[in-house]
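So that we are looking at the same thing, I have put the structure below in structure tokens.
We just call them A, B, C, D and E in the order they show up, numbering each chain from 1.
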Amino acid sequence: MNLFIASVQRDLLVHFRHPSEVLNPLIFFVVVISLFPLGIGPEPGQLKEIAPGIVWVAALLATLMSMDSMFRSDFEDGSLEQVVLSEQSTFIFVLAKVASHWLLSGLPLVLLMPLAALLLFLDEAGIWALTLSLLLVSPTLSLLGGIGAALTVGLPRGGLLVTILVMPLYVPVLVLATAMVQAAEAGSETIGYIYWLLAILFGAVCLAPIATAAAVNVATDQ
Amino acid sequence: MNLFIASVQRDLLVHFRHPSEVLNPLIFFVVVISLFPLGIGPEPGQLKEIAPGIVWVAALLATLMSMDSMFRSDFEDGSLEQVVLSEQSTFIFVLAKVASHWLLSGLPLVLLMPLAALLLFLDEAGIWALTLSLLLVSPTLSLLGGIGAALTVGLPRGGLLVTILVMPLYVPVLVLATAMVQAAEAGSETIGYIYWLLAILFGAVCLAPIATAAAVNVATDQ
Amino acid sequence: MFKWFHRLGSPKIFFEMSGRWQVPLLWLSVVMLTGGAAWALLFVPPDYQQGNSVRIMYIHVPAAILAQSGYVMMSGAAAVFLIWRIKLADVAVKCIAPLGASITFIALLTGAIWGKPTWGTWWVWDARLTSTLVLFFLYIGVIALRSAMERHAGAGRACAILALVGVVNLPVIKFSVEWWYTLHQPASFSLTEKPTMPVEMWLPLLVMVVAYYLFFFAIWIMRIRNEILLTEKNTDWVKQWLATR
Amino acid sequence: MVIQMLQVRNARCERDGRQLFEDLSFSLAPGELLQVVGGNGSGKSTLLRALLGLYTDCQGDINWSLDEAPLYLGHRLGIKQSLTVIENLRWFGVLREAPVSQDRIDEAVYKLGLTGFEDSLCAHLSEGQRKRVALGQFLIMDNPCWVMDEPFSAIDADGLSFLMAILQEHLDVNGGIVISTHQPITIDRPINTLALQ
Amino acid sequence: MVIQMLQVRNARCERDGRQLFEDLSFSLAPGELLQVVGGNGSGKSTLLRALLGLYTDCQGDINWSLDEAPLYLGHRLGIKQSLTVIENLRWFGVLREAPVSQDRIDEAVYKLGLTGFEDSLCAHLSEGQRKRVALGQFLIMDNPCWVMDEPFSAIDADGLSFLMAILQEHLDVNGGIVISTHQPITIDRPINTLALQ
């Protein structure tokens, strides 16, 4: 537990050394979102229809872009092998890494979501459903992404590979989340979706770090 | 000139050592494209309408994802400072780097484009315009992206920052390219756009490497 | 001429000279701002079409104009820094970027507020709006790069390069976006043509534009002076100057 | 009979089709220093990592009998560039669940010759200073066994004699050391050497 | 009067608010070796980089009079992990526009003790072997001036005596060398030392 707290603290410290790093995922998110109208054409009606999709994809990409760095710097400077050596639970360490990743790239997106949705002309029900779904889903994204990040940490350029490995894992969550938003926009019940997303989150918390810890052990074996 | 050829050869060699690296941008591209129908909903009519935008954004993101690594490994292992020291033109070296980046991540996308467009129910005129526009634009994307990559190469995690720096530079090309595709789909003349894109490409070839070379010099100064 | 230029490039001389200008500049701009605002709010007749919402113009238009010339000034300073390596020019770039971003943000915000009553929506993906948004991103890029490179010796040069690249790109953006816009949007609310305004609307606007510029310069100079004090805090002249306070 | 800290029997390792070592048997008792010597590429680092379980592609029996895992300094130093000297030292303590007092850290910083750099980011240190930070882990914790892979490289002459002194001290309190180095070790103690190749 | 390869006047450098060196004036003539000595963090690497123009935040006059830029070995070795030994050596040749024959490369590989590793990726070499590859640039090219930042670290005893021999050889053909190291240099020639701090 000590390790968990200290590790999250350490990651936050490293990030807040460059305060811009904290804002970067947000700016990235806004920039990507404003890119879509440029690519698709500026008609408000059309934009509104596909807005949940756009916002989702942008959030996903922001998460993925920062995913590769979850273990990379620790691997390259040798911190990761020190952790493996220390006989402390790698599970806890991995969980801490995921937690700080979420704090630094998931949570800010959740907070920014309402603004982003406004830019794309979404209405109120949609905005709340979107924000709630992102809140439920983003920890899962970090947890699953961690597996990919740990698997590719020893490779020279992991970025794209992480995406490829992790994307199939993201599909069910993405499908559920957009279905939930569409249900909310149509005015129907969303509680079922919420339970499902919570169940997936719970499963991911219990299982994903096991896989990630195993991958970390493989990465340092060289 | 010798440096140009040798440098491109070297980059290709490094990449083909891990053949998966060559496929990664392609797989990423396909994964992102197939993600949209999941996020947006699968109605063919709607998809077809926004298809050029989606394909464009996916191509852009694939380019951006690989952008950060353009100079990073050379910086970290000290190759970059050897280049700066060598009294050979950094301009040529930078141009070679951009060229190999394009060969490895731009060109494959151009070749894959027709397939991707089919996936999204685009019609023939659209497909050709899309492929042509990507062919004209992707070198510009690599050239402009190089500036961002060189500016951020000394920083611990460049990925997101590169996107933020480079995206505003991408706007004109993106706008022109999608306008061109829409013009082609509407059956109108596209030659004006082609000239424009060529002119921008030409300007970028002449100017962007100057900025990139200057940024490389800044990065190695430490 | 060049000698004078170099002299002004010395932080100490700039600090002394700007010390004399700073206060009058600030006062003049504040007086003009309040005067212009009072004129615009109280005395200008409401527009026959837009009613009172037209008064936002007196905040919006000067901000929009200044947003663009701010970027030009920033890249001018960046060029001076890259070519002559005058440290003060770097300080100027550093100090103007957040100012420029703020004024651009004001232009975006007031535009959006104005858009609601006149166009019925906060935002459209129109040519001018889009290019202003991109301008905002360009400023943000310079700020983000600066703060990411905080402790790097090369931060100044890197930001200068980026600022210059941005200024080359700016006209291209305007042009392309305008073209794109004219292809897709009906020209119902074109901003490109200058409205034929009566003099009593036009004159206060001029006052406001000048006031904005003066205020902008005043703040810019103040920020530069602060920065100089921080970076030169170990020099004798700063210690002397502080002692006289 | 002394209880050995480490007992290795018939270790054998092959890498990239080249035999690095074979039939290697040795042991480490408390108070002993084992120096692994050999030319570049003879397999010293590989052996040390194999001992620690950081490289598992070796055959043979490796048995530790320790309460606390050994401390390790490898070619990758394990310090973070964007943390300060103090923060890095604290992190070593957290990893080993060792309660490290501020006094002990201050003392270590002083001994390492890093006074004045306590709050410098490690990215802003020189090569040798960074190495010194990594060596700090041996000063702030009391684990009985040390595994050191070329601890002397990049260290200046003063640092060298200081390092010899702390090696000696550690042996004096019955610690065990496995070390690989290209430079001679000048301590007042018998040195076991294990030559590779 | 000899024409100096390098002439430095009143070099001064400050980093992070600390004065590293001041009023440094020296020169390097053909056939001379200048050894920069000083403790960890005294500014040796900074000085060498400043000489080469890789660090520009120093004051003072630095004048080279050379036809070919000096060769440099720094803390960052400048070799690519995913290229083989031979490919890396060739790349050094390309960078310096030096026509390097296959024979010369083979000879260098042999001298460096890397026979059998010609086609190994540098990622699969040991620390010392990688350093040897980087040292290879001095064997395959004839640039008159060498700037070496701690070339001996990670190198074994055999490698050390070989390095001394090539330093000597280079001086014999009127080359100039600026070198920083913590280990003594044992050559048959007068050594100029420049002590920092």
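Just so it is clear, a contact is a pair of C-beta atoms (placed from the backbone, for glycine too) under 8 Å apart; a residue touches a chain by one contact, two chains touch by 3 or more.
Everything numeric here is computed off the predicted structure, so don't read it as measured data.
Participant: Taking each chain's centre as the mean of its CA atoms, which one is most distant from chain D?
Facilitator: C
Participant: For the two copies chain A and chain B, what rotation in degrees overlays their C-alpha atoms? Round to the nearest 5.
Facilitator: With C-alpha atoms aligned, the rotation comes to 180 degrees.
Participant: When contacts are scored as defined above, which chain pair ends up with more C-beta pairs, B-E or A-C?
Facilitator: If we tally the C-beta pairs in contact for B-E and A-C, the bigger total goes to B-E.
Participant: Please tell me the distance, in whole Å, between the geometric centres of chain A and chain B computed from their C-alpha atoms.
Facilitator: Comparing mean C-alpha positions, chain B is 25 Å from chain A.
Participant: Mind checking the centre-to-centre distance between chain A and chain C? Centres are C-alpha means, answer in whole Å.
Facilitator: Roughly 36 Å separates the two chain centres.
Participant: Cα centroid separation between chain C and chain D, in whole Å?
Facilitator: So the centroids are 57 Å from each other.
Participant: Between chain D and chain E, tell me the centre distance in angstrom, where each centre is the average of that chain's C-alpha atoms.
Facilitator: 29
Participant: Would you please write down the residue numbers of chain C that are in contact with two or more other chains?
Facilitator: Within chain C, the residues that touch at least two other chains are 130, 137, 140, 144, 148, 153, 184.
Participant: Identify all positions of chain A at which a residue touches two or more other chains, and write them in rising order.
Facilitator: 18, 20-21, 24, 27, 31, 38, 41, 73, 156
Participant: Quick check: what residues of chain D touch more than one other chain, meaning two or more?
Facilitator: As it turns out, chain D has residues touching two or more other chains at 75, 81-82, 121, 124.
Participant: Going by the contact rule at the top, pick out the chain A residues touching chain B in the complex.
Facilitator: 18, 20-21, 24-25, 27-28, 31-32, 35-36, 38-41, 46, 49-50, 52-54, 56-57, 60-62, 65-66, 68-69, 73, 155-157, 159-161, 163-164, 167, 171, 174-175, 178, 182
Participant: What does chain A use to touch chain D in their complex?
Facilitator: Residues 2-3, 6-7, 10, 13-14, 17-18, 73-74, 76-79, 81-88, 220-222.
Participant: Would you mind writing out the residues of chain D in touch with chain E in their complex?
Facilitator: Per the touch definition, chain D meets chain E at residues 15-16, 18, 38-41, 43, 45, 75, 113, 116-117, 120, 124-129, 131-132, 150, 153-160, 182-183.
Participant: Which residues of chain A touch chain C once you look at their complex with the stated criterion?
Facilitator: Those residues of chain A that touch chain C are 18-21, 23-24, 27, 31, 34, 37-38, 41-44, 47, 118-119, 121.
Participant: Using the touch definition up top, name the residues of chain B that touch chain C in the complex.
Facilitator: Going by the criterion above, the answer is residues 147, 151-152, 154-155, 161, 164-165, 167-169, 171-173, 175-176, 178-179, 182-183, 196, 200, 207-208, 211, 214-215, 218-219, 221-222.
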